[in-house]
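Two complexes are shown next, each including chain A; its partner changes from chain B in the first to chain C in the second.
And then the complex of A and B:
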């Protein structure tokens, strides 16, 4: 008798799998695009759904496309997702969403904050999702992404963004960071800037002085991730090129960057440039002396190392100490002038900083009301007296002692 | 109760840690952050400082009146009527805590992991598990706690280690958050987040030796406060003050945020298992202790059959509040405010009465 009761009780659980979803019945969305429409409060949502069969060794539907991109209108992401089910056969989940793409037009209109707020209410969108601003409409951007090698879209986004972030040309723009900075209402948020539309920049540009779309490129995927979109209070106000984004990485201690290969002017033969690897072991040190009635003093010290990679001018910098001293000075001056230019621009044009420096003034206030009253982005930062000094700790020259002496070769 | 007693310090340590320590993984941080902003991690310190002397005093009294549990002590000191009334009052408050906290957990499970399932069904399953485990008796609960503890704590500290690199320590400034006054007030008002310490004293005589109980509660108490502060601090430095008060379940927010390298993304389900286990353990212990108090107040020696009606009643009342926000921010907040003075003061009342009666003088 007892056994019968037990068994019948267990039967109850068989019916109760409310949240059971077969893998087969789900489709995994990897990118969401949001565009503006003519009607206020209605947006165009684009979903890029990955095909899990592509790239697996088991074969099967190898002729299928790697992904499906669909677009529909709606007022928020979740309801639009349901509408999409009228032409997508499976239940869509957002758990694997890697990027949210918004068009520059929408970003500049300032509506983005509402959309992303609504999305964060659901548990489906992760805080690590990256925010990308596309020059063209988001729908166009997503439709034209045709990675040549990494055909699985979710891996494409993951690797593309991880790698580009490592080099510092695009910022880490997670939804998490967006909320911290936007809700903190003090600093500027940098989102990733990307496009498929190419428009070559006129005049000279060094390796990172581009924004997406300007980089001369032959072959490969058309999609370029470069530079950043500047958000102030949830609204996009400008774009920064790759170089400025790198400077922001250098000055912001919450952003990590692994590798920064860049060129610096050659002090002896100015027609050439010296290529070097910039290594920063410790984050920038920011010291703020808050003055209530006169400009606040902000002193930033960046300690870094340089490993010279190439000296196309073949000047002997490695063994001639006078030359070396010149090179040192040239590198420091170059970095300082870049940083100062960016800081000046943020103070005058943006009225706030993209370096998250407001963190460093917080310890000078006893509580939040006092801190908020001091008003970082209206009163303190735009009027602050900022000095940036770069401190070159070590100058290394790789494994070659000296370059070939050109005149001897051509003798 | 069975005659042989086998529980020792380590079981007591596990009981305290599981019963109180899981607070950092539910909505308590959200509740405290509403007022405390980025200094809300200090609130438990103040609460602990407020409540721990009372608890020590109670332990002292228990030690003096050898071999009595909480309710027996109350009766002995205050007399039959007042002792039982106070015991009953403690029972009511503790039971209310059980009801609303369990609803809170059900709500979390539903929202985060089973969005399609009805709240009622989850509540039923939840309560059923708790009931069946609680039925096994206190010894088994103690052993299970001890066995499960290393697993749960391993998961928790793994999470802390993984999230550590996201922390921005400057966010603890401005150091006093919304103001010293607010923090102290909140700390005092919400002291009852540690009220489970007092409930455990009902089991004072259930250990092999009462000194095991005392030792376990001291170690457990210290460990718990350390753990809670560590996690509250982590929430502060990860979310910052403007976002922390908008997040209902910071623990789960964190588990969703982290990755284990590039390959293992979306790993929150791993942590969910341990979290659920810890949640179940907490309510099993709580239900058992509360029923025990009830049994002691009404002289019911065989109180274990009462577990079922109490679990059922908790389930029924628990589903009444309309949504998690009402439950958390209004009812639970109110409950914590009400129970604080009682739990802080009653050991002092006992002590004063005992002193007046001159019972503390004889060795």
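And then the complex of A and C:
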């Protein structure tokens, strides 16, 4: 008996330490870039590896680059990772990958779905990794990211994406959500749109009516994250600007947004705009009445609050109730027209919605085949009769009610 | 290692002690010669005797004693002077001592002389008189140095049985508090005293203890530290099964809960049986502090318990096997600091843990005047110098320091060793299988602990298995709400709180 126990205890040590690896023997990949090549089935993979020694106090490495960006060809992410080892000294790990960047060209070609499959198989790529579509090639995009304040790129991506998602100008585009929506075969997936290439938009644009690259900018890092790339069935079909992305956030039950500072037309002096903080405490309420043979009815109610931040026109909205009523109407009308415009575009151009509304109709079918037969993308949504109503619960004016009386100041 | 799982073999081979059953004769000359021979008079410098002729009956008498362990003044004042000067009809009316015993054989004579009594032989009488004049030297009552408390009594036991019993009786004014005694040791006989409150104690536990004391078969057991190892159930176990404390107030509180206290001469501490994990986890001060404060220290101690066993092992496990679990900034910081370190990470951790244990051990053994050296050397090993020499990475210093520091929060000497040994087991487990191994090792360790019993009382009772108790386990209740005695001991009287009006 003793001998048996002894032998079985010793057996344990036969397996010992097989996947043990010392930290310094690994190199940590922060971003993966995927580009098209001329050959079908072969892609160009770019890996951005962070340099642990930069940004620590442990001495040495201070004159080294904060990261190493390498590009190679391959057919999928994981084998390319091994090829890279011919010029990267350490074993690569993708555990800490923050973003997967794909070029717009590749995204529009529709090959992305095949490449990203690897992410669902390997344990190395987290489901929370964000998908970014870059206007230029991904290799170029990653090579040109030069954060001014953050030494390490992973920190830059983390802060940049978290903050931009909070303001709603870019969507939450995790790999998980991509698979969820794409495999669900309904709705549209919104990926983050970003670029280093600037091409200023002609004509007027308000604070969020841009896509990345169009925002007038001086100084700072060249990289702009703004708007979203629309994916239908794994293939990119269009881009949405920041404003439309925000509207998508407002209407989508599953997306969160913390802060939406925006301007609305001033109803009394149309040359000015009123700046306000849009606060939405509850997600949009979506009610779908499915009709098999006539257009489905979708009713969306959004309850929100407005805190007015600035009234450059100095019109007294705070204490004049007639003016206030005008402002109230103006804000609602503005939001409703923006939302309706986006919905119309999605119905007519995209044939599906980026709001994940199919979630609300699924429970009206007996089983999956019945739901698939009804076909959200082709039959239900494009023909649906959609009404969006915004419900302004509270209009607040900040801590000071009166603005400066111009005629008194300038006498 | 299989001994860990096995109870110690019971010692059954009772060797027959040599008996010196010579009866005392009536001839004083014979008795004197015999006793001189027994104690090697002349060679044995402090063995003294005195002849005299008693005034009250004009008979020759001889007095034998060890001059080093008796009170000389008392012998003079209470024995010799009355014998020489006083009138009377009987010896007991002549000598002015508080205790006078008649003994009949030399076996008893030897025992009495060894325990500090003077033996008086009388011509023509076949009995001897034993007079208690013992005065063993001992340290005066000091402060409890190893179990110090800020709030609470400061007295500690000292190396004298009588003083220790007096310290306990001073706290427990209960006529049912019994001091029972047994002799252990075949050659040098020592007295083991066990104290209990007779209408609380569980008789099974008491009989179990008596049985184990009877089974001790050895020449001598000098003190409770040695006695502990003779009466414990599992000598190879990593967990202690008998509690050791130097605080009389702690002993008193155990007595009042139905536990048994064991005291001996030559030990500035007592043993408490039976024991549970909680006895080791608690400090007496937890009860002296108010409810919230006491529980706060308990929370800290629990956290320390977790950290000291787990932090090094967790660090090894996560960094070697699960680097994806680390936040990127920490990961990069550790990686950067390890770039120039030549050793594997587990080796680094072991270096520091062993260094810490070395400093600790050396710190205890080093003579007081050399004490400060330890600080300097220790700071060098554990500090910046080792990091700058690229032997270890700076994060290891923090891990080892936390692991070492938190081990001091576990004050009990015995459980402290348990925890320190456990730490190394866990490091090895985490080093071979990562968090999986650590979880497995912890499970085995915990299962073993839960399977233990001390004098029939489960180690984690009254929490698991559940018993009615004062609720004093991880945290404690407000003292007014403690109604029951620990039910896991099956005390004769379970209810602690007489007042039934409030609850």
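Here is the rule we use: the second predicted complex is superposed on the first by the 394 of 411 C-alpha atoms of A that agree within 3 Å, B and C clash if a C-alpha of one lies under 4 Å from a C-alpha of the other, contacts with A are read in each partner's own complex, and residues count from 1 in each chain.
The working rule: a residue touches a chain if its C-beta (ideal position, glycine included) is under 8 Å from a C-beta of that chain, and two chains touch if they have at least 3 such contacts.
None of the values given here were measured: they were computed from a predicted structure.
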Which of chain B and chain C A:337 touches, first, second, both or neither: neither
First, second, both or neither for A:53, with chain B first and chain C second: second
Touched partner set for A:2, first chain B, second chain C, both or neither: second
Contacts of A:96 with chain B and chain C, given as first, second, both or neither: both
Touching partner for A:359 - first (chain B), second (chain C), both, neither: first
Which of chain B and chain C A:184 touches, first, second, both or neither: first
Touched partner set for A:367, first chain B, second chain C, both or neither: first
First (chain B), second (chain C), both or neither touched by A:22: second
Touching partner for A:391 - first (chain B), second (chain C), both, neither: neither
Overlap of chain C and chain B interfaces on chain A (superposed complexes): 16, 19, 95-96, 158
Touching residues on chain B, where the partner in the complex is chain A: 37-39, 111-118, 121, 125, 166, 168, 170-171, 173-180, 239-243, 246, 252-253, 256-257, 259, 262, 265-266
Interface residues, chain A side, partner chain C - complex: 2, 5, 12-13, 16-17, 19-24, 26, 28, 30, 50, 52-53, 55-56, 58, 60-61, 93, 95-96, 124, 152, 154-155, 158
Sites on chain A touched by chain B in the complex: 16, 18-19, 95-96, 123, 126-128, 158, 162, 176, 179-180, 183-185, 254, 356, 359-360, 362-363, 365-371
Residue ranges of chain C in contact with chain A within the complex: 2, 319-321, 323-324, 328-329, 331-341, 344-345, 393-394, 431-434
